[in-house]
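Each of the next two complexes has subunit A plus one other chain: subunit B in the first, subunit C in the second.
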Partner chain A sequence: MSALLTVTALHAGYGTVPVLRGVSLYVNAGEIVAIVGANGAGKSTLLGAISGLLPPTGGTIMFRGADVTARPAHRGPASGMALVPEGGRLFPFLTVEDNLLLGGFTVADKAERLRRLNEVMETFPILGERRFQLAGKLSGGERQMCAVARAIMSRPALMMLDEPSVGLSPLMVERILAAVQTLVARIGLSVLLVEQNTVEALEVADRAYVLDHGNFVLDGPARTLAADPRVQQAYMGL
Partner chain B sequence: MASFAGVLLAGVLLGGIYSLVAIGLNLIFGVIRVVNFAQGEFVMLGMYATVVAYTLLHLDPYLGMLLVFPLLFVFGMAVQRFILQPLQNEPMMQIFATFGMLMLLQNVVLAVTGGTAVSIRTPASGLTIAVGPLQVSVARVVALLAVTVVAVGLQWALHTTMTGKAVRAVAQDRRAARLMGIDVERTYMLTFGFGAGLAGVAGALLTPIFTLTPQIGGNFILPAFAVVVLGGLGSVWGAYIGGFLIGLTEALAGFYLDPALKQAVWFAIFILVLVVRPTGLFGVVGAEEVGLRVQE
Partner chain C sequence: MSRSEAVSEVPAKAARVRCFTDELPLLAGVAAVLGGAVLLMAGDNFALNILATTFLMAGLATAWNVIGGFGGQFSLCHGVFFAEGAYLTANGVVHLGLSPWLSLAPAAVLGAVTALAISWPAFRLRGPFFAIATMTFSEVAYVLANYFDSVTGGAQGIRVPYHAGWLNMIFPGRIAYAWIMLGFLCCCLAASLLLLRSRLGYYLQAVRDNEAAAQASGIDVLRTKLLGFAISGGLTAIGGSVFMMYVRVVDPPTLLTLSDVGVRFALIALIGGVGTGYGPLLGALLVVPLEAWLRASVGAYVPGANLIVLGAVLVLAALFFRQGLAGALDRLLARRPGRRGAAAA
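Let's look at the complex of A and B:
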């Protein structure tokens, strides 16, 4: 069986500055795969290239058996790919409800969109309480919840998360990652998780890749990497 | 007393006309972040199209609107697609481009018409109704009602329909909007088309009132800029209410000071607002509503 997502020898950068120098990875259905690495390693660039926000300069991206290399980002949700960008990037002057509804923008049937809205508000009760509040007024943790919930609205097969834990308390990080794990178990989602919080990321992930200066320097089962002294020293502060 | 009421009434009716032009301008600015200097020329094109429809097809301007709106809508979409979109990463160039369009459209129409003034007499042209002791132009009242319908309708659509929410999402964070599956370039085309279409509708509504010359756009664009700054960038209500404030100011200044000073008074207000409250009177729901955040 072929993987859900297969990235082969991907190159991407900004202007003439290369950032990714030929990275390859795969994500199987139902897997949580983590990508860890220092600031500026190219983690966000990688997710941008996969999602279509940043056209790659080389390599291929296959998703659900189709070549999606350099496909425009707005075609992602309908194909089953969702990205929760760094910081969530909610629409600050829209209500929580409108943010969630826009997550289901590509769902043509209004009744179905409302059904999913009620469902995510059941999964994340805090969002139900904040339903008519402007998204810009949410707390950091609520904002991440809302961003994850918004991505779920399109019923993705693959959800990519860019540093959901940034700026959150350890307790909030665990709650968000636990919510993601629950979703994976419940709706058969696959997750590509970018994290600087290596300890937490390796705890929830099945497999992981270590990105350094635009190259994967290590990869393997998350448990193996968590026990690797090189990873512990460089990324886990042990 | 009657004359004061008359001045107020004239100001409100004039304000309705300014709002009509400013709403399209502000929609385009709010979503695409382009100051469309050619918006007055779009109104001028709408007026000429109305006159042509009246002369050739004997269409009353109020019916001609149904033809002029789609015409300007398509024209606006083409302008966005073929002139502004290629300059998307160079905002300064976009502004120069709209200014260039202003000159181009004015001079092309000047060349085609030879610069002669045109006015048509429609059933609404000379018609007045009595409001107490005052005589009120029916065409101006129609324009006032129309702009109210447009403002309410647009506000409703932006807040209630999925397309409207998508337009606001694009205005606030176009990168995140793409991730929702929204085609940002298409949204820009629709928005610019709609803004141009509104300018066309304004032109049709103004044809029974004004004598038409190729330079008439300038009469509307200056007050429309003052309206937008006063009311708040990007806000529908800001443009609507700002129009009345500018209209009233002009009427009062014209009556108590000197009609020649009206532009000086607008710009005094313009600068004062910029200094005291840069986000406009409706700043909170205006400029910030469209999201004053760095894009991409």
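Let's look at the complex of A and C:
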């Protein structure tokens, strides 16, 4: 069986500074895959390159059997790939509802969009309550939920989450990751999760990769990695 | 529970999303009130002139707001599209003997095409740098307008001879111009509200708020900005056409002076509430009559003092109405129970 997403020998960087030096990974359907690593390891660069926001300088990205290496970022959602950027990156001067709708414009059918809107507001009741508030006035946790919900509006096959835990209380982190797990179980989503919070990430993930200086230094089932003394010492503070 | 069941389970209470038809009652009400004002002023040419100018500036600020407000692209070159509309109409009448009515659609097309041509390179720049780039286009157009006197009449300007009649869009009384400007304003408001409730309107606002997130949400950023700019430019050019027939004589300073034209559209929209449907109209309703009144009262005693007072008012508005008059009105209405966001919609 071929994987949903296959990244082979990916190189990417900013200007003349290389960040990713030939990383390879795959995500199967229905899987949560975590990328963990320290600050500056290249985690966000990896998601930027896969989503097309940062054109890769080498390697290939295959998604659903098609080569998407050079595809511009705005084509992602229509093809089933949704990115939840770091910090949510909501549209602050639009209401929660408008933010959600903007995630769903990949479908032309208005009724279907509305159905999805109501569905995500049921999944995240707090967003239903805040429906007419400006997204810029949401709390950190609500913002992150809104960003996840916005991504879900396009019914992606793969959702990429960039550091959902940044700036959130541990309780909120757990709630958001639990919501992601629920979504995976309910709508058959795959998730590529980039996280600095290694403990939490390895708890929800099926498999994980450890990124260090633009290379994967370890990979395997999340549980095995969580028990690995090298990971524990370097990333989990144990 | 399967996924399709989860979808169909959505309860009937689920609210709907506001669409363009929801905006029509308010739009009709606004048009009726403004029309009533025209009827009230009938016979008073001074007041009718102010009304006509107010409606024209309101329409132009609404057109600017499409890209400047919804799209967040602070253009200062809208005078170029305005001048194009005016010159196209004048040349149609003077050289080809065409009815000005026939030039409205071509003017819109010309404005839209120029907007695309100008903004395509300019959109490589962002924020203040974009504004400066558009400013230079306006200045270049000013020089060109002075130079190509076969089209523009050069520094002497171009004049449309007086032949009154509906077909010629020239009238002895001022009231007809007030109606025409009101018509133009209503077209701009309708276009702006339609856009606001359409996919492109959402896209423009998303691009304004966060370009990277917009891209990640599947929005082609450059295409969205170009479309918004073209629509804005097209509407502005129509405004230039009706302005031409209103004044019947224009020269480059009238059409292309940055502070009197390009910046003014933006200023009125900012005072009224940038990025809101009715903000530019509110801004014009305040600024244009205030200007006329100050010129007649303060300016009559101390020449130039009217501009000082106007400047002070604008500074105060910028300080205390951060979200414009529309934002202030919205907050006022929000305080009363049962009302929500009527003005800013």
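Convention: the second predicted complex is superposed on the first by the 238 of 238 C-alpha atoms of A that agree within 3 Å, B and C clash if a C-alpha of one lies under 4 Å from a C-alpha of the other, contacts with A are read in each partner's own complex, and residues count from 1 in each chain.
Simple rule for what comes next: a residue touches a chain if its C-beta (ideal position, glycine included) is under 8 Å from a C-beta of that chain, and two chains touch if they have at least 3 such contacts.
What you see is a predicted model; the values in this text were computed from it and never measured.
Participant: Which term applies to subunit B and subunit C once both are placed on subunit A by superposition, clash or fit?
Facilitator: Verdict on subunit A: clash between subunit B and subunit C.
Participant: Contacts for A:Leu101 in the overlay, against subunit B (first) and subunit C (second): which applies, first, second, both or neither?
Facilitator: After superposing on A, A:Leu101 lies in contact with both subunit B and subunit C.
Participant: Under the stated touch criterion, which partner chain does A:Val217 make contact with: subunit B (first), subunit C (second), both, or neither?
Facilitator: neither
Participant: Output check: A:Pro85 vs subunit B and subunit C. Expected answer is one of first, second, both, neither. What do you get?
Facilitator: Touch partners of A:Pro85: subunit B and subunit C.
Participant: Should A:Leu114 be classified as contacting the first partner (subunit B), the second (subunit C), both, or neither?
Facilitator: Only subunit C; A:Leu114 stays clear of subunit B.
Participant: Which chain, subunit B or subunit C, ends up touching more residues of subunit A in the combined arrangement?
Facilitator: With both complexes superposed on chain A, more residues of subunit A are touched by C.
Participant: Check the residue A:Val166 against both partner chains and state whether it touches subunit B (first), subunit C (second), both, or neither.
Facilitator: It touches nothing on subunit B or subunit C.
Participant: Applying the touch criterion given at the start, work out whether A:Pro77 contacts subunit B, subunit C, both or neither, answering first, second, both or neither.
Facilitator: Touch partners of A:Pro77: subunit B and subunit C.
Participant: Have a look at where A:Ala38 lands relative to subunit B and subunit C in the superposition and call it first, second, both or neither.
Facilitator: After superposition on chain A, A:Ala38 lies in contact with neither partner.
Participant: Please indicate which partner A:Leu53 is in contact with in the superposed arrangement: first for subunit B, second for subunit C, both, or neither.
Facilitator: Both partners, subunit B and subunit C.
Participant: Where does subunit C run into subunit B after the fit on chain A, at 24-32, 294-302 or 330-338?
Facilitator: None of the options clash except 294-302.
Participant: Touching subunit B and also subunit C: which subunit A residues?
Facilitator: On subunit A, the overlap between the subunit B and subunit C contacts is residues 51, 53, 72-78, 82-83, 85, 89-94, 98, 101-103, 105-106, 150, 154.
Participant: So in the complex, which bits of subunit A are touching subunit B?
Facilitator: 51-53, 72-78, 82-83, 85, 89-94, 98, 101-103, 105-106, 110, 150, 154
Participant: Which residues of subunit A touch subunit C in the complex?
Facilitator: Within the complex, subunit A touches subunit C at residues 51, 53, 72-78, 82-83, 85, 89-94, 97-98, 101-103, 105-106, 114-115, 117-119, 121-122, 131-132, 150, 154, 186-188.
Participant: Please name which positions on subunit C make contact with subunit A in the complex.
Facilitator: 3, 6-7, 10-11, 14-17, 199, 202-203, 205-206, 208-210, 212-221, 275, 340-341
Participant: Which of the residues in subunit B come into contact with subunit A in the complex?
Facilitator: 162, 165-166, 168-169, 172-173, 175-184, 288-291, 293
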